[in-house]
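In what comes next, chain A is part of two complexes: it sits with chain B in the first one and with chain C in the second one.
Let's turn to the complex of A and B:
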């Protein structure tokens, strides 16, 4: 009788292997890396939103104590090639992203000059003494006004502030809407946000003059992309340019762009022959790390008397800030808003038009959710508005329109093909988990007492783990569809797995080790996961777009299986058994049903060291190492439903989130603790987007939210305990069966909370079409209604 | 966000500290929870910091033997928050302490530092007004009512150091209420209102004026709580800022005044 003795590592609630290091202060972050002779940078940044630079006087600064140099654009001319993000999309205009401002500045905070000094203190003293003479130009703050033909231009050579324009269309939307009995619509506004990772951005470049090689230590999420791009910019071969992301304290997309400061430290380390370090402080982070979610949407939904959707149309203006970032471009967020707007619903007639418009603000970039927090907010509000109009329960409205199991694969109105995933199952699981019926009864009772309690649902589906068939940003010069893994057993029997991804809080050292351990039959503690280093694999891009579990996890499986074959080949000889009669578990290879066994250590010694254990031909044939890539081709779909219960204080207009339930379909779970953690963190950021966080620029382009006193992120007190349910719908044609999970929390929460607030104030007939819904905004909405 | 260079002095006596403050643009460092961020932002660049943290005898909460309390200026917020004596004598101050920033800040920040910084949205300055505190300095004793001259502006001279807070006893049977609304737990108040009700009502608004403010017109209307709450709205002159408009703050003052008075009246009655 055969007993299944192999412990399952995939799916196990394993404590994160990173935790002891992080929690005892033994992590190694950029600021922990101190090299002798380092020069520290402080920037002189623009305090104008749009201005021509008439003169830069840095003479006094250059003479200050401890200052090695003051560098402006003119000083680095010819030391680097510029890059610009490209796209194959029609009506796309890329922009240069000057490392230091040349003739003009286009947003407050744009770096103009860099002081290099013996310490950051001295560098800041000198930076204060740089005098820049500006000739002010008109700022462009309101994105709708910026899109007008007579608006002042940020990039004259483009001839317009509209950097991207695109329309998705299916069916006869205008006719369908005109004939529809029920129409709802509105003007929706989500305001600008910024990721606020716990660790600010930071870069340290070290140039080895003897070897002509450069090492960049960077807080980047994408060391492979940075390496590949810097190779072109600095004209160095890839084997002399290494990009290392050590421990990184969060990114949330904000560290997926190539940053100006990142390029500059490399240029200057080579120019001066000394290590050059720049560490952002929080002020700089809030004004210079990519911002997002700044979208204006006019949208209208039509349905029949039964609530069946007949048509959807939307006009979106995305405020992309002053430049098109590299590599994702100004298109990444606004285009996603219209491509995901139809959500998990059957929408046969659709038109979504989008324009990405440049303004005098810090450049827009990727932020957890990318566009879909806005598309979900708008669509889910429309669904609820229609439900109210039809006197239909919002749950029933969703049931009637969501793509059903028998309809997969379903091609969405914007052309995305949704394969089988638990769309309706998530909706039902969330509502069952929350006991939706009981919630509605409790709400009715609370209303009787004059309390404003509301229940909000939000359903969405996102593309995760994208393969080569669908680019993260169309036509860009980066392949985001593959990742690689090298798995190696060394002469001591220890296993090292090398990846192109870069874990920065996701616990990938744990989950990828679980996958390798499971496939090899090794113990978790025998596996070391190396990542965040461009030297680790020949090609890799990094961690973003909810891809690492799917792509790096897939590559880990392929490579680990290949190594396991080699292990079995050697073990077969050593244990004198057929490979089919053997198995491996807990770091041992054994002949099933016998006590004949061999540890990985013994096997490695036999292969590498004890040359008489295996015949020469066999030793030459065995390679305890494999390198493979994985390409999920289409990628995976991750649907979810969020349910929020909020209470609005009718006097102060404060909103408290009382309950929060999430049901997602994340495919096969690698580690339930980490899966839950991803949802918790995403929802926390979504609550920030819904209630608190907003980057504010005034009419002159000054940023008013330059400290964490004014840019308010939620704290643990504002985040409720969450109830999270995971469905694990099988994924055929995908090696690991994993779906990406990293971004969903941020996608669902703004919409669920907006719907819950709208429900709570439903008796006042108030539109909740703007986020964050601050007490001030709610006060105004209610006051206007009362007048 | 690195401060400009400054000299640092840690005197061990008040006399020494006062002498050091004779120098132009010297600044007192107490708990550092407001000053240090301002230094880092380079909003202040004093040439000398006089750290009064090593002067003995400024950290205490003592019974004044007359039903009141004497609190040393360098007493940490956390000590104030957790003092049983203070909770018994001045429960309104105890209740308000839970709104003072976060634990890490309360562990370092001092009552004297907060009072001298004089942020109009901070709880402690308003509480001093509510409790009719007298503030003893190296030169004189100043009534809390006369202490605040504007936002972040006090009656203290350049070389004057706050040493002690004297809280006179609350008459027996005084009821109290403290209500605060902030966007997040631990933030400065969008608006807060404290009230005591004994023989008469005393009401103070926080975060709704350039200084903490006694709402005398509202006080005069008590016991008509609704009228008092309406009057309170007109007594304050809040500013618009990122977190709330003047209109909204007036609204909050009215709402919070009503709740604070209702709690105070209930406490007084029982």
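Let's turn to the complex of A and C:
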């Protein structure tokens, strides 16, 4: 008899288990949760960029219909401990993050007072009647000026606006550059972005006075981090503070910070003994959720006459906004820019210096790609600029400098160790997939007709699924290197898998179930994945930094294998067979080559309820549950190459993306549908970053992009159909063989688009060193050239 | 007092003049499938069909819908019996976080009823009032395209 083949769940194009509820309006998002007696918050926020608060008059607001209270910083003093992001890095200065502004405000939108009312409508009516008297202070808007010693200070106690300074150095960069025959460089500028998850942030705290316990429903990506921090701030034991992320409408890093509003609803729910809810509206989202990608980079690349890189140096200023956010700190993005700048290339001589500078803007925080969209933009522009100077094809320039298969493990110039991954293979696959040679011929033909068509390449490598060896934010006190999974078969034979991650669009309820199903031999429909709940496992942080497939997937494998061992121990007795002769598939354990079989349900009944089925000693020895932690230690490398074809309209200077190809190495694919979706979404955000999206502050610190009419995100019309190729290079020393791929699209796209535009206007000899490249910017560049 | 039909059911309610249709559907009728993403008429998450046309329920007051016939996502297929468009969204992975999805579906239904959608450009143009931050739109376009090609209605 033929041995029964076990159907492969990992790698299968499984439809998502999340979808039916989302498609029928049965998703349960934060605003779909309603508790009786809830008080709704509306904030009075600062309309000054930097000012001392002279007086707050809330008497009228407090007397309005339906208003329970108006709360300012003075009213919550003593009800919570302060919070401050820390780092072991030298030259790092943390800032306290006040829940409500104390004596001064440091950016427009900073919360000053909260109105609690019976409905949001009434709360907003009252918030408008709060009168704040300000004494204006000088704002600091330009980060370079803010870094000067005589600049007005946002945090006087630090004595400088420079919150972090760091330099990475290898080799003799100045000597190498001085001696190099070819040098290219420039002043690069990426403008500020914000994630714009379609669901705004929101929090609902419920305090049970009888039990002294608090439940926070939060649109967070990191329930574990929020729980652990609130426990400290509110002086509650961990078993009386539960943080639950319900269905969350996207995050992209913007929901990984601990937010002031999140802390405040907890404090007020305890103070007033009623549930307290706050939902951000879009205006509040655009002025208070993480902002990012705001860097100024002076960079220079040197190479020999053959295009071999000889040296790279850069000076980076990151605009980190008014506060060092918790937990990632002001260091996370600027430091990543210099640690990833050398890219997937052999760079032996390098110096990257970075300063993170405080300004009168909303705090910088995590956003998809964190630093690497900027480092990739700069490095890939430099590579193309050098190629132009050498009259070398950009593809060939990359081939000559990329780390080759025989060079792994390769230690990068900033100290990151790259292990085996398809660096060059991605480059070749993208170019083959797009038929690069044909594209160049088509481009030449279009140029003959006077059309401005350009082709842009961008290659990068990112660290994903970080283990305990490297913290997600440098020197931070939170362990981001492990995740937990508990897998349990209950007395009905149903399987529940509990995780510390928090899926918010990634489809982890499906992919993690696929992993558990394959490892256990259970059916997908018999597995329930629970996540986004700090009570699910003893320790977990959440979903961010392209980690969930690698870490939670790894933990799922370890725990599911441990449970499978227990299943086989029981089944061995029940089926009277050696464990080695048995297998499990489709929810059944069977003796290979026979018709002896047992469902998970029957097995569970025998273990838990039918006490005479197993000998007592064996029964007491069997536990159909396992909890394990997975730590990938170093983490995984995910390389990719993006290829974009754009056309610039010489009349309007509008840029149209005509073709977009991605080749990435994401290791073993769990679900091809979901893998493609992650890349598509990331690329769309990267195209937005390259062409449309920009948070604008004026010189007085007023934010000019406070609606989605002004902060422009791409629609279906601006985003082209994308062609995606996945390589599945085997991963050494990693249990699942998965690499993270959630952020890559956003890392590669700005650089690929910038290079394509530069190529399209190459005949005008214009540098494309600023993003987003709006029609207005491009028009000015062309006009300046023509003058 | 307003009287309107939502997904075939007639409701009569007393409402404040300033209550938005989106808040009315969500908070008064408990139909929380309609989502609110911007309250500025840009994102399209709150799209419903009112008297046969897709509208932003965040820009419409409940009182303006007096006497109207409204369709929301809850009026499409059910969990056990998805509509062709809902099914196609699942098959083509046209949703990730699911927040924009109800609006995408209602716009999709409106497009499928009114236009031939012969090219993907037409579909993209039709979807340009609905923002999605997760999918990059590609699978949404594909899902609608598949329903057009199957020709069995929305």
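Couple of notes before you dig in:
Heads up, the rule we're going with is that the second predicted complex is superposed on the first by the 783 of 787 C-alpha atoms of A that agree within 3 Å, B and C clash if a C-alpha of one lies under 4 Å from a C-alpha of the other, contacts with A are read in each partner's own complex, and residues count from 1 in each chain.
Here, contacts are C-beta pairs under 8 Å (C-beta built on N, C-alpha and C of every residue); 3 or more make two chains touch, one makes a residue touch a chain.
Because the structure is a prediction, the values reported are computed rather than measured.
The larger set of touched chain A residues comes from C, when the choice is between chain B and chain C. Within the superposed three-chain model, A:281 lies in touch with chain B and with chain C [touch as defined at top]. Residue contacts after overlaying the shared chain place A:37 against neither chain B nor chain C.
In the superposition on chain A, contact of A:785 is made with neither chain B nor chain C. In the superposition on chain A, A:124 makes contact with chain B only, while chain C stays out of contact range. In the superposition on chain A, no contact is made by A:187 with either chain B or chain C.
Contacts of A:707 after superposition on the shared chain: both chain B and chain C are touched. With both structures placed on the common chain, the touch criterion links A:441 to neither chain B nor chain C. Once the two complexes are laid over each other on the shared chain, residue contacts for A:715 go to chain B and to chain C alike.
By the touch criterion defined above, A:29 reaches chain C but does not reach chain B. On chain A, the patch touched by chain B and the patch touched by chain C overlap at residues 121, 281-282, 707, 709, 715, 717. Interface of chain A with chain B (complex): residues 120-121, 124-125, 128, 281-283, 651-652, 654, 692, 696, 704-705, 707, 709-710, 712, 714-715, 717-718, 774-776, 779-780, 783. Chain B makes touch with chain A in their complex at residues 1-5, 41-42, 181, 183-188, 190, 242-245, 247-248, 251-252, 255. Of all residues in chain A, those touching chain C in their complex are 15-16, 18-27, 29, 31-32, 121, 195-200, 247-250, 252, 281-282, 504-507, 673-674, 676-677, 679-685, 707-709, 713, 715-717, 719, 721-722, 745.
Listed in rising order, the residues of chain C touching chain A in the complex are 16, 18-19, 26, 31-40, 42-43, 45, 72-74, 76-79, 82, 86, 89-91, 93, 95-102, 105, 120, 123-125, 127-141.
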